[in-house]
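What follows is a set of structures for review.
Heads up, the next two complexes both have subunit A, just with different partners, subunit B and then subunit C.
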Partner chain A sequence: MNRTEILDELKKILAPYTLDKEQLAAVNEETDLIRDLKINSANLVDIIIDAEEKYNVEIDYDDAEKMIVVGSCIDVIESRLKAQ
Partner chain B sequence: MSRRVVVTGIGVVSPNGVGVPAFLDAIQNGTSGIKFMPLYEELNFSCRVAGKPDFIWEDLKKYISEVTFHGLKGTNIGYGITAAMDAWADAGFEYDTDEPRWDTGCIFGNSVADTEAMKNVITKVDNKEVRKLGSRVVEQAMNSGVTSYISGRLGLGGMITTNSSACATGTQAIMMGYDQIKWGASKRMLVGSSEYVDPYVYGAFDSMRVLSRKFNDQPERASRPMSATAGGFVPGSGAAALILEDLDYALDRGARIYAEILGASSNSGGQRGGGSMTAPNPAGVMKSVTDAVTAAGIDPDQIDLISGHLTATMADKYEIQNWTKALNRSGKNFPLINSLKSMIGHCLSAAGSIESVAAILQINHNFAHPNINIEDPNPGILELIDEGCIPLTAVKKDINILAKANFGFGDVNTCLIFSKFNNK
Partner chain C sequence: MYSIGNDIVALKAVNAERTITPQFYNKILAGTELPFYQSNCPGIPFYQFVWLAWSVKEAAYKCLKRIQPDLVFSPTRTVITSIDPPTVLIDKIPTGIPQTGIDEPGCYQIILSINSHTLYARSIIYGNELINSIVSPDPILSKVNWGINKTSAIDPDSQSKAVRKLLKERSQAEVIKDDVGTPWLNTADARIPVSLSHHQDWIGYAY
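Moving on to the complex of A and B:
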């Protein structure tokens, strides 16, 4: 799975947690989950759980803390997928 | 100086009607909301009927954001949000606000979180999958979940709390909101209660052998307050909400006023003098009524209608006895009395708020709703009050003053006195 494919899937995971559909449609690697997508910080946990389920990977607490912008989310998911 | 308190908005999610127009139509016509529950047969319950609102979960999206909706599982919270938002809009207020509404609080009661939804939590923890629970469990497991969702949606900035006093919860929430305004702490209060009787809570009541079990094949006849064949109550689920306002505040904005709360009282029989965890001390019941009447500054003879607790057990007769003594009225001199539970069952913590919305509608539309399922009135009750006091069909009548009481496990009692609004 390349970065573009991961991004497409990630957008689906993020969708239920943001009301800003325009920002979601325009998501790029620099998009900040909290600042740009206005996601409630408490929901980051839910996004990580959804991503774990989607990709069938385990994201530990240290990796989870890196998932601030879309690009870093993709980094974490990519590295977890490669580690499999 | 104490302030006058009026009701300016109502919302309801009842087994026999979701939304005020449907509910009003149902209580005028004596429409039952009790249905057969195939799951309860499967689970070997003795009682297999229940009052459950025809609630469309997706409709919650009309009230809360898609993000809030995603992950909302607590049925009681869904009912509560719906009743509260409907009441708020009914009072003529907008949902959205940028600033907190400092002058408005919320007291919304319930008894237990949705155990059916919590089952998923228990299973995950037991399976060592606690990491998968996510962020939305705590807010729905906490008793104040329902008030948190409501106050968050509306930006309420006054006192926000959740009360719980078993079957007296709803009436008590209304009284507590009334007190907030009466003594000047708030201008507006959103009050009410919600209950979802899931199979686990229902099962626990079933095991106490206090539920109706002889009418499983005739669900609409199963809830029989004041009848000779009253053989236990039928559990019900739902919610209701009221908007209470300081009278001057309501008049200044030209609000439609449904009714005034003249007085209220809440107490406990102390689980003494015949009272226990499950039975009321008659002295406590009578005191709650007389204290509410005194607080309201009315004469007991002015009461036109009693909305009783009357759950359809042996205790109905004792309740009537307590009313006759507390008001010093009996026989033909007793007021009209009705029990909404004949139509919707016993909605536990939500009973008081749903029944209060029914009370307000009866005051507003000048009628006493029927008691259904009393083709065989309890002879012990007819020794106390005249048959004519127990309407079997809707009675058209000016209801100027209505007494509403609920009594709950833990020997707790609350009585409210509602009246037509008269600006004198």
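Moving on to the complex of A and C:
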């Protein structure tokens, strides 16, 4: 799975947690989940668990704390998939 | 440097079933914190304990980030070292909440450690509705000004406007943000650290 494919799937994971559908449609690797998508921080753990379930990977807390920007989320998922 | 952080959690907006799975709570709780639930938090369901921990950790992060702008939020490395439970549990949000001081009998008094810093929290759980937490480097929180309010809109921009309006009504001062996005209450005499929070249909502030 390449970065573009991960990004497409990640958009689907993020969709239930943002009301800003315009920003969601324009998501790129620089997008900040809290500042740009206005996702409430209380949903960050939900997003990490949704990603774990989607990709059948385990994301530990060292990785989880990087998952604030979309590009970093993709880095973490990509590295977990490669480690399988 | 004085600082402050707050956080609110609208309990009706959280997934209680998911919260009590180890996959979820192990991303919030440090290993040493689980025993606090059995020993120090009688009378609340486990999912509320997890969100109580989240709330004080988020507020602690906001408090310390004002002093350390490069701080990264790590819930499991923000460690609760002490919890004194309230002497009374509050089953609903009362009318006429005091706007100054948060040392009432319904408060959890919590101490946290982040890196080498010790921070002091007060949290109130209002039944199944809301958790409100305030964190300061100062162990005395009797002079903290704070407020919570329900809003009709749940979109972030409306909530942001609503909390600023509430603060303006109560303090007569505007909220401004500095170059790194940190909020301050701009009074006639000084710039005062202020913390703002919103979740679902609730807003809150502390300064």
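Note that in this section the second predicted complex is superposed on the first by the 84 of 84 C-alpha atoms of A that agree within 3 Å, B and C clash if a C-alpha of one lies under 4 Å from a C-alpha of the other, contacts with A are read in each partner's own complex, and residues count from 1 in each chain.
We take it that a residue touches a chain if its C-beta (ideal position, glycine included) is under 8 Å from a C-beta of that chain, and two chains touch if they have at least 3 such contacts.
Quantities reported herein were computed from a predicted structural model and do not represent experimental measurements.
K.L.:
Clash or fit: subunit B and subunit C on subunit A?
P.N.:
clash
K.L.:
Which partner does A:Asp46 reach: the first (subunit B), the second (subunit C), both, or neither?
P.N.:
After superposing on A, A:Asp46 lies in contact with both subunit B and subunit C.
K.L.:
Counting only touches as set out at the top, which of subunit B and subunit C does A:Ala64 meet: first, second, both, neither?
P.N.:
Only subunit C is touched by A:Ala64; subunit B is not.
K.L.:
Could you look at A:Gln84 and tell me whether it touches subunit B, subunit C, both or neither (first, second, both, neither)?
P.N.:
In the superposed model, A:Gln84 contacts neither subunit B nor subunit C.
K.L.:
Figure out whether A:Tyr17 sits in contact with subunit B (first) or subunit C (second), or with both, or with neither.
P.N.:
First partner only.
K.L.:
Scan A:Asn2 for contacts with subunit B and subunit C and give back first, second, both or neither.
P.N.:
After superposition on chain A, A:Asn2 lies in contact with neither partner.
K.L.:
Who does A:Asn56 touch here: subunit B (first), subunit C (second), both, or neither?
P.N.:
neither
K.L.:
Flag for me the stretch of subunit C that overlaps subunit B after superposition; candidates: 113-121, 131-139 or 149-157.
P.N.:
Clashing stretch: 149-157.
K.L.:
Using the superposition on A, tell me which residues of subunit A are in contact with subunit B and, in the other complex, with subunit C.
P.N.:
19, 40, 42, 45-46, 49, 52
K.L.:
List the residues on subunit A that touch subunit B in their complex, please.
P.N.:
Answer in residue numbers: 16-19, 40, 42-43, 45-46, 49, 52.
K.L.:
Touching residues of subunit B toward subunit A in the complex: what are they?
P.N.:
65-67, 70-71, 131-132, 134-136
K.L.:
Could you pull out which subunit A residues touch subunit C in their complex?
P.N.:
19, 38, 40-42, 45-46, 48-49, 52, 61, 64-65
K.L.:
Residue numbers of subunit C touching subunit A in their complex, please.
P.N.:
9, 13-15, 18, 23-24, 27-28, 54, 58, 72-77, 154-157, 198-199
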